[in-house]
Every structure is written in structure tokens, then in C-alpha cells.
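Alright, structures below, take your time with them.
Each of the two complexes below includes subunit A, the first together with subunit B, the second together with subunit C.
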Partner chain A sequence: MPTATPSRGFAVRAWLRANTGPLIVVGLLALLPFAVALIDGQPLAEVLANQPGQAKFIQGLMIEVFILAIFALSYDLIFGITGLLSFGHAMFFAVGAYLSGIMIKSFGWSLAPTLGLLAVVAVVQALLFSVVLPRVQGVTFALVTLGIAEVFHIVIQSRELVGYTGADVGLQGVIPPAFLSPAAQRLRFYFVALGLAVLVYLLCRRFVDSPTGRVCIATRENENRALMLGYNTFYFKLTAMIISSLLASLAGFLHMLYQPIVSPGIASLSYTVNALLMVLVGGMGTLSGAPIGAAILRLLTFYFDKWFGQSSGFILGMVYVALVLFLPYGIVGTWKLRRFAWRSGWARLAQPLRPPSRDGERL
Partner chain B sequence: METLRRNRTLLITLAILAFLLFTAIQGLSTRDWVITLLRGISVGAITFLVASGLSLIFGLLDVLNLAHGTLFMIGAYVGWTTYLRPDTLVDLLPPVLLLAAGLLLGPFWAALVGRWRTSRTVSRAWPWAALILAVALATLVFAQWPLARWDPAVAAQSPATYSLQLDQAIKAGQARAAPAPAAQGGLLRLAGAFLGSALLALGLAGFSAARYGGAGKVTGAPRRWALGALLLVTGVGIYTGDAALTRFLFGLDTAWLFLIALLVALVTGAALGALMEITLIRPLYTRPIYQLMLTLGLGVSGIELVQAIWGRTEFNMPKPALFQGSGAGCPATSIVDWLANGCSTIDVLGGRIRTYNELFVILIGVIVLVAVSVLLQRSRLGMIIRAGVQDSEMVEALGINVRQVFTLVFALGAALATLGGIIAAPSMGLSPLMGESLLLAALIALAIGGLTSFPGAAAGSLLVGLVQQFIIKYGQIGIRLPFLEQPFKPTPPLVPASTVLLMVIILLVLPQGLFGRKE
Partner chain C sequence: MTVTRVTFPSKTMDNGIILETHKLRREFGALVAVADVSIAVRAQTLHSIIGPNGAGKTTFFNLLSGNITPTSGRVLFKGRDITHLPVHRTAHLGIGRSFQITNLFPNLTVLENVRLASQALGHDSFHFLRSHRSFTRYEARAREVIEMVGLTARALAPARTLPHGDQRKLELAMILAPDPEVLLLDEPTAGMAAEQVPELISLIQRVQAGGQKTVMLVEHNMNVVMRVSDMITVMHQGEVLAEGTPDEIAANEAVQNAYLGGGVWRPVANGGK
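Here is the complex of A and B:
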């Protein structure tokens, strides 16, 4: 069709214009390892050959940020978008890490069947969480999910399964495939993690913009009204839960590949709280806030530990309190609110310059 | 008949629980089950002290206070300090009292400032000047405040050493020698503390006047003056009698000192709770999820602060002499016998019950349960609280200052948590992370009992304590199951898992908990 080509080109250009900011961020992240090397005075060839140095170290830190960003996005999907407060989200992540790790280490599976099994198990655990949804809501749902996750946390720490899980030491000795080894092929791992994070973000965006995602938002805003309109909200919550579980398991899988030891702490309540904090810092329900929150939290924790040593926890706690008081809706949320004020401010400034419209009114 | 049918699920659940308890008792000898029961109730009592405050706060304010475990821990540490180093308390009291007295001037400043007309710039600038002056004065005074302190980094001056010294002194039946009093700072410095806080109050009044306009007339003025004067006089009095008071406190019997520690922990908790509610929680009632994040941040910061002052290592708190005796006439055979000799254990049915862990803790738990129930059921304040739990907007519409009640309830909840901390300290020991596991247990207890129900908090805590202790007991002796050769022994991780599982099952059967009401 001759007419389709220009309109598709127009759509692509419109999409590019609407997403300039995120695209620039992704571009900068892709250039980051090389930029760090340039600042540090390391030849670029060494970066490409994965020689140790500041660039490799920064890559490692950013890989953790990307993994956490996927995790935070998956939490934003059920908490920020659908409005389900779950305290058991860390279990999704931990299942991803432990199941794939055990499959590779103890049963010698390769990556593809492991990922397939992981997807099946992720759906099953999402169903397990959702089974209770019709009965319990709100804080009670949070506590039930906390209970289920806490049982899982205790199971992976128990001495009976030490041969598989490593009990309280953690899962170790998983050999990642050579083409994706975090030590020898870090740059490749970096781009894989970055690519997956971008992909997950686009997927979440697509989900939120789809009719299903709209109903999820309606469920968050007013469940009774959504029910009145004829939507069986349970199925929409279930969909969000399954997608979220799949993404969190993917993040756990990457975590297992990247970390030499998978500690059982990733199944604990504090890890869920981490995800909650990332989403809150970024702005709940904004999607783009989740990766930003993940980056801020991971980098703050790392550099505070480096600069302040033992008192870093205190300062981090105070930063949370300050963020709650001064950025009331998270970074992205507050920015979205203020943006209109700023825009109208510029418009007001430019008003005298504008020619009066035909009716003599000023806009 | 109708009530029976409506509560069918609840009754069946309770019957099953009673049956399980009965079965658990059948498997043990009389001596064992009595002791296990008492231990369970004791653990339940400490859990209850945390859970009751959580439940009151959550019911009325809709705030899930995740800093409650930290408050519990702070109560233990503050109580420990009062109990082992009363000289620190004596040194700290005067400036704190004077600070409070100075802050009480706030409303008068506000009324005064309201009458003072100045230009916009001046009225914006001077509060800052007052604030900076106040902070400067405070640093000047407090940087050199004569304070008896300890040093966690030096072994001879660490908290653990002081605990050991007191323990030995109690065992030997001697009074401790009071440490040399810190040098007096002079009354000028004391006046500086008062002046600083008065200036701070002035600055704050200025800020609120610049923002919201001046206050009208002052309410409750005579009472306020009297309270301020009382605080002032007490502060100065303690300051002048510092050395004598320290000597007196060190000479006191440890039981009395422990009682003082309880009171200090209670007051600290109430003050901290009120401060938290007024300054941090109050602006966030419209954003409940962010309150969660705030209390979480406060909890983490509190733990780090305690680690900075008292050190990271765990240490013990020696029990008062009344619960420590092991000499003639011990173990006691009856309560009267115990009170006369101060034994650490009582003989019951051939087994030994520790008087502190298994009797005193339960006693405190029962006292708090009765006291708070009476407060809730029989007083006007309790009526407002119960009404507020159901519908706080309606209560406000009836012309009751709900915000004030919010602060009171938050202070009460925090005070219960700190009381729990000091009660638990002699049996659990002190560590900066002691509050975290208790917070989880209290949350589970609340979920079991019904989130906003006060009797539910008591029942849930009791259940959590009993399940934990029976599982531990059966972990030692093993359960004989019909189809297994070896007796099945629950491993230690099963203790937390069992309570969590109990919670999940009960919530799935009764989503509102045992005693919660349907909304």
C-alpha cells in the first residue's frame, strides 16, 4: 500500500519525539563503559577485552542496577498499577534465582530448558498468590503473601535441603555458560542486562497502555466501580500478577547468573521492602520511576557504604525520611505534578509576546 | 442461636485450636507441659506489649508503624542505662527538663508574635535568626555538658563490663560504689539550655505566624505556666543535687532501680511517640503508603543510632536481686517463700520455674492487658478511641479533637513497646536487632487476632507464644507419628515457620482474623 509507508514513518517519528528522554538515557547507558574508560585513561581496546579497571567495575555496579530495575518494574506492575500491596514479592525473585541455579548446577540443564521451566513455575507461583485474592484484600493480602514468602525463605534455609540450596550460606558454585560469564564477558553481560531492562520496560509500558492495563488501573482507583462496569477484576489482577511473576523470575535468573553466591536474604521481607522503596522513591505507578528508584537506591547504598562506613545505614534511613517529606510522590510522580506548573509558568511569561487571537482573547 | 450461627467459623476454629493444644499437652508429662505453657504465655506477654500498641495505632490512625520494633529496642537500651548507670540519667535529666520547659513557652510566643506587626521581609527573616541563635546556643551548651558516659570501643568501659560488674555485685549482695561525679558545669550553662529552647520555640512560633498568621488567645494558660515552672524547678533541683542523687540511686535496692527504669522507659517511649506523630506522621495522613516508608526509614535510623551510642555487640542485663537469689531457702516452694528469700526459681510439680521469665513477665502482661482494657472500655478517652477506630471522620464531625487523640494513642502505643523492651531485656539480652524479630511476631499476632481488635491482639500474641514454645519443646523430645519409626523432630527454623503457617491458614479461613469485624 503506497499510503501506509508515510504514515508508518510518521508514527515512528512521533514515537521517537515522545520518547526522546528515555532514548537519550539508554544511549548514554550504552556509552557509559567507554566514557568511564576515557575519563580513567584506559584504552578502549582494554574495555572491549574485559580487562580489569574502573570501567569493568562500573559495569558490574550498573548490571546490578539493571537487574534491580527489572525487579522494581515487576513490583510496580502489581503495586503501583494494579494496587495490590504484596509483601511476598521477593519470593518471585528468589524462585527465579534458586530454581534456575539448582537446575543448572545439580541437574546439568542448559539455559533454554531452564528458562522454560522457570516460566512455568513463575505462572504457577503467581496462581498460588492469586488463589487467596478473592478472600483477602488490602493489608490482610499483604500479610498472607508475607506468610507464603516467609515459609519459602525458611525452606531454602533449612538444613534438610543443604545439598541443593546451600542452606544459610547460599547457593554457590553455579557455573554460568561461557558466552555470558560475568567475569570474562562482562561487557556482553552488561549489554544483555541493559537490553533486557529496556525490553521489560517497553513490555510494561505496552501492558499499561493496553485495554487490560487500563482495567488494572481502574481496579486500583476504584475496584467497585470497575466491577459495576462489568469487568471481573479478579482476572485482571491475575494477569498482572502472572506478568509480574514472570518478570521478577527473569530478574532473579539474571541475579543468579551474575552473583557468585545467591544468598537466602533475597527471599526475605527486607528484599521486598527494597523493591517497595525503589518504587516509592521513583514514584508509584509511573513505570519510569521504578528503574530510576532502583538506580538511586543501589548507587546510594553503595557509595554511602564506601564514604560513611558503619554509619551509612543511619544516613540512608534519614534520606528515606527526607524523600518522603520533600518529594511527596516520588521523583517521577512529583516531577509530573510540577511539570504543569512549570509549563504554565513559562506560558505566563510568554503571554505578552503572543499576538492576540482573533477574538481579542489571550490564551 | 443466631450469634452461634453467625460465628460458626470462628467457633470451629477455636475448637480446633483448643483440641490441638489439648493434644499437645497429652504428649508431655505434667511438669513439662506446665512449664511449656508458662513459657508460651510469657513469650506471648512480651509479644502482646508490642502488638497491642501496633493494633491501637493501626486501628485509630491507619498507620502500620514499622518502627515499633525499634521503639521496643530503644526501651530496652534506655531502661538498661537507667538501671546500670543511673548517673547518666541524673546528668541528662536537667537539660531535658529545661528544654521541655522552654518549648512549653511556644503558645505564648505565638500569641505575642501575632500582635507584632512588621514588614514581610522582617517577619520572614527573624525566625531564622532566632533558630540559628538557638542552635548555636545549644551546641555551645551541650558540647561541654558534664555527662557520665561510657565507651563501647574500650573494653573496660563497655556496656557489657558494667553489666558484669552489677551482676557480680548482686550475687555478692553488695551495693555498688557510685562512680566519681562528673564536673559541675555551672548554673550559667543550665540557663543557656533553657534560653536556647525558649529561642527555638520563639523561632518556630515565628515560622508558623509567617505561614498561617498569628495565633489567637492562649488556652490552658495557668496549667501551662504551672507545668513549665515545675519542670524548671525540678531541673534546677536535680542539677544542684546531682552528686547526692547519684549516690542515693547507686545505693538503692536493684528492685527499686528496676522500677525506676520501667518508668523512665515508659516516659521515653511516650515522648518519642508523641514527637514522631506530631512532626513526621501528621503531615502524611493523606498518603498512607509513604507513611510506611517513613516509619521504615525511622526504624533503620533508630537501630543505627543505638549502635552508635551503645555499640554493636550484644550484652546482658542482670536481673534485680529479687529474682536472682540462690542461697538459703532456694529454690522457693511458694510465692510467699520467693518474696521472702528472693529466689531465682520456684519448685512446681518437681520442675523449676524461673521467677522473672515465667512469673514476673506474665504478671506485667496481665496488668497491661487489664489496664488498657479498662482505659478503652470505661473511660471517655477510651470511648473516643473505640469510636475513632470505627469511623474517625464521624468522631471529628461530632466536635472532638481527633488529632489530639491520635497523638495520645501514638504515645501510648510507643510507651507500651518501650515497656515491653525493658521487661524483655533481662530475659532476652540486649542487641540492636532485638526488635526486628519481635515486630514480625507482633504482626503475625495482629493478623491472627484481627488487625484492629485489642482483645484480638492479646489472643493472637498468646497463640503465637504458645505455638512457638510447644514446637521448641517438641523439637527436643520429638513427636511420635503413627507411620514413622523415628520420632519426628521439628528443626529450629520450623519455629517461625509454624506461626507464619498458622497465620496463613487462619487468614484464609477467617480473612478478618479471629476477632476482627467485617467491614
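Here is the complex of A and C:
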């Protein structure tokens, strides 16, 4: 099975063909604000000028989806890909939001140094979470990470830090830079958030396809065997944690820019559960499931609140139970399995018609 | 009970000893699974360990490969003490280990299982922004080994979908991929259909002789063991009952009584089946 070195043009075409689905989705998302305006009868010039209206509102909702998508992707990297069950993931997000907000508001830092500091802190907190990894696994790891995150959750709510964190009210009064103002520059913010979500998705895909990512998958599948082959699995888990922490902090940073108030709730266990839900609903370990899970979580929450008011939480719970029952591998996971079964069915049907292949590369 | 032991004069690589143990012992509670076993394995030979179930063969392998730590005793590889080396380090020394119980990455393809095995000892595992496909030598090596064990037709099937015999072949491919100097094979033919056994055994022999490798083999089929081994160690209840060439073992009374069921072992006409 010798493969000729593919030319650049060939590689690009192959990439486009392999990513048709995501590309169409991104294209549609880029058109969405304008499509909404058209349906709503709002002139497109008003959308470009960030005038209030349905288009601006939908952009806001979708910005939240994009931020959650980055958060969910970061969780899929450690949970779905590497097999680490962390119950402290909300802290990665909250550190991104709080640290950057405090640096900008209380210390007057500009964006670049804030992001630089955030990157350093994200790496440090990943190390903090990982020091226990050689000793504890599975549920114990989940509980240790939950413990660390809960300490952080309590600290940001403490009265002593009220001047910085706003304690239980939350962090408010951060002035985002004018060029990225979520109100005055909503459309720009929309495209920045969309662009970053796409970038993070591609980055995660690249990681999973890399030699390091392959070992992370092997660690999830059978850590003992990975060790036996000669991989020091700790360093691979650590790498996944660091990348995950960086991405979750980025999501938290965008959340801080977008939201007028950063509530301490984003550091709580329920926010980690959100990440877990998004990944499970989308399909763990699939990466493309994470943004789908994010869209479902945010949009269902929003529209159920609107339609059902008080009982929305109950109905939402029912929907999640149904999704888990009927799509046990999540939306993308189940779809991939079905498609695989479907394809191999056709392959079996077509088999007798084909001349027997020598190298048997059929399946 | 007489213990026949071949004693080796020295303990260094100069005398051709690649792997040796000194009074290696492992207890599980009150049970002594491996009881002060001292053996020396000559480089580039095929050295078999035989003994009834529960004799301690797998535990002995686990001690050699670093999967479990001994209660006492030492393991030397080329004269170097590797007793307390963590398990992921022994592979880098050139010691490969296969498992009696199938131990694969079940949801990954055959190719990916073997490719991961061949990537393990390279120094490219910490590239995380390049596709693994751009490191072609690991995949090329994986395909080569898959061809050797005869799994080419199943290369893209998930490992869990393979029949048991093919999983054993995959297990062998994974240990061959990084091209180790010493291969510890724990019942590589366990549960395989009888007609597939000679094929696999002759592959092991080819790899051993062709690559000048040292193979330690745990195998229950006495015909196979007698035919392929340069040296045989017989274990019984954690202890070494006897050690010697196949002829010496076949003639050893203690082994006859304890293990070969009292009767004198004779080669079967169709040896190896």
C-alpha cells in the first residue's frame, strides 16, 4: 500500500472534503446574524451598525454558545479523550474569568499582559490538579479535583476579597476594551468568539491526531498497557490537563468580557456538571460533539425558560434523561456508530460482487 | 526433591548472560508466588519457563518487567540492577512483554494498536501540533509487523472485533513492533486454535534466530517447548524445580514425577501440534 507523497493542492482538497460538515456549519453561523435580520425585516446596515433588534439578540445568545463550546471542548480533551474524570473543571473557567477581570478592573492591566498572566496561571493550576495524578485515579481523582475547586469557589465568595471579586454578588464593573465591547461592537465580538471557537476546535482536532494525542487515547483505553509499551502516561495526562486548562481559561476570559457580571456560580460544581452534560450529550471523545452539546445546553435552557417558565428545569431534566437513554454515545457518537454499521452493511452486501482483494484493505 | 540447576559462573554480559535474577521473591499475603528464584538467561537463546498453573510463571514475568515489585531479590539486565525500575522504563531498555490475558487497546484499530507500540520507543511522542501520520516510520513499521503476524486483512478493524486467535497475533505484533532485544512471551498461544499454533511458534523462532534476540517463553504445549527451547526452567509452587536443556529436562526424574505425570516424555511424531 505505497502512498505517493500528496501534493499541497491535493492535501487541501482532501482536507476540505473531510471537513465539509463543520465548514458548512461555520459558513451558516457566519451568515446567521444577517439571516435573522432578513427574516425579521431589519435592514442589514443596522446589523453592521450594531443596532438593537432580533439579530443582535441572537448574536448574544450564540456568543454564549461559542464560549460554552470552547469550555466543553476543553473538558472533552481531558474527559473524553484522556479519560480523566475531573469534577473541578469549573475552576479552570472561573480562574480565566476572575483573574482577567480583576487584573483589568483593579490593576488597570491591558489585554495582552492579562492574557500572558492568565496563560501562566492556567499552566500552574493544571500542575496543581495533576500532582495527585500518579497516586489517585478515577473517582478519587474526581473528588480531589472537586475539593480543590470548592476551595477556590469559597475563596472568591469570601468577604475579605469583596473589593476584588465582589464576593457572592460577583465581579462587575469591568470595562472591556472599546474595540471588543459586547454592546457597541456586538457583531465584531460575535465573529471573534466564533473564530476562536473554530480555532480551538481545530487545535483540539490537531492535538488528538498528534502522537501525543494518540497516547492520551491509549491511556484512556488501557493505561496499564500504555505504561507497558514504555509511555510514562503521567506526562501525557499532564499535557492534556495543561492544554485543557489553557482553553478553559480562554473561555472564562471571553465570558468575563461578554458578561456584565461574573457570578461565582461559574466556579461551582454545577458548572462542571454543565461541561460534563455538554460533552455527554454531544458524544464524549468526539470533539465535534462538544460544540453541539454546548448549543443544545444553552439554547434549550434559554427557550425552555421562555416557554415553560417555572417548570423549565424539570422539562430540561427529562430531555437530558431521554437523550442519554436513546443516544447513549451522545449525538455525534451515536451517529458515527450508526453510519459505521450502515456502511459495513453495504460493504457486506457489495462483497460478493467485488473481485477478492489481495491485501484485504476492505475494512 | 532434587533440584537440578545449571549454574553460570559469572553475572555479567561478558559471559553471555543478558537477564538474571537473584533470589527473586514475591509474596501475596501468606502465599509465596515466586520463592527465591535465581536464574540466568543467556543472550540470543530461547529460554522456556514451564510449570503447572499457579506455579508462579506469570508473577515471575511481572517481576522481570517491573509490573510488580518483588518482596526481595534482584533482577539484573546486562549486569545492571533493574529491580525497582518503573514499568514504563523497562520497555526502553529493550525488554518487551506480552500478556497471557489479552491486553490491548480494544476500541483502536489493529494498525493503531501496533503503531502505538512502535511509537513508544521513538522520541516523537511529544509532538502535539503535528499529525501522527507525518511520522511515517512508525506506521510503516506497524504495517511490516502486521504483515509478519498475518493480520494485514484486519489492519483497520477495531481490536475488540478480532477473534481470539487474531488477538493473540496482535498481542505478538505489539511486542515485536519496537524491536526489543528481550521478549518475554507469556503463553502467546493460549486459547488459540491448535492449527494456528505451529505458525505462531515458527514465527517466534524466526524472530528469535533472525534478529538474534533473547526469548523467554511460557508455554504449556510440551512438544513445542521441547522442540524450540535452548534451555528450560521448570517451576513448581513458586520454586525452580529443575533447569536444563530439553534433553536434560526430559530425563529428569523430579520433573517426570511432579510435572510430566510420572510417564517419560517422548517426542510425538507430529511434534509441535
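Just a few scattered comments:
In this section, the second predicted complex is superposed on the first by the 336 of 363 C-alpha atoms of A that agree within 3 Å, B and C clash if a C-alpha of one lies under 4 Å from a C-alpha of the other, contacts with A are read in each partner's own complex, and residues count from 1 in each chain.
Throughout what follows, contacts are C-beta pairs under 8 Å (C-beta built on N, C-alpha and C of every residue); 3 or more make two chains touch, one makes a residue touch a chain.
Here the structure is a predicted model, which is why all the values come from computation and not from measurement.
Once the complexes are laid over each other on subunit A, subunit B and subunit C both fit without any clash. When the shared chain is aligned, subunit B comes close enough to touch A:154, but subunit C does not. Legend: residue contacts after superposition of the two complexes on their common chain; A:243 is shown touching subunit C, with no touch to subunit B. Contacts of A:206 after superposition: subunit C is touched, whereas subunit B is not reached.
In the superposed model, A:230 makes contact with subunit C only, not with subunit B. Seen from the CA centre of subunit A, the centres of subunit B and subunit C span an angle of about 80°, rounded to a multiple of 10. By the touch criterion stated above, A:328 is placed in contact with subunit B alone, subunit C being left untouched. Distance between subunit B and subunit C in the overlay is 11 Å (nearest C-alpha pair, rounded to whole angstrom). Across the two superposed structures, the residue set of subunit A contacted by subunit B and also by subunit C is empty. Against subunit C, in their complex, subunit A makes its touches with residues 1, 203, 206-207, 209-215, 217-218, 221-222, 224-233, 235-236, 239, 243, 359-361, 363. Within the complex formed with subunit B, the subunit A residues making contact are 85, 132, 135-137, 139-140, 143-144, 146-148, 150-151, 154-155, 157-160, 269, 273, 276-277, 280, 284, 310-311, 313-314, 316-321, 323-325, 328-329.
Of all residues in subunit B, only 64, 280, 283-284, 287, 289-290, 292-294, 296-305, 307-308, 440, 443-444, 447, 451, 491, 493-494, 496-497, 500-501, 503-504, 507-508, 511-513 touch subunit A in the complex they form. Note for the complex: subunit C touches subunit A at residues 65, 67, 86-92, 97, 103-108, 112, 115-117, 119-121, 124-133, 135, 143, 152-157, 174, 178.
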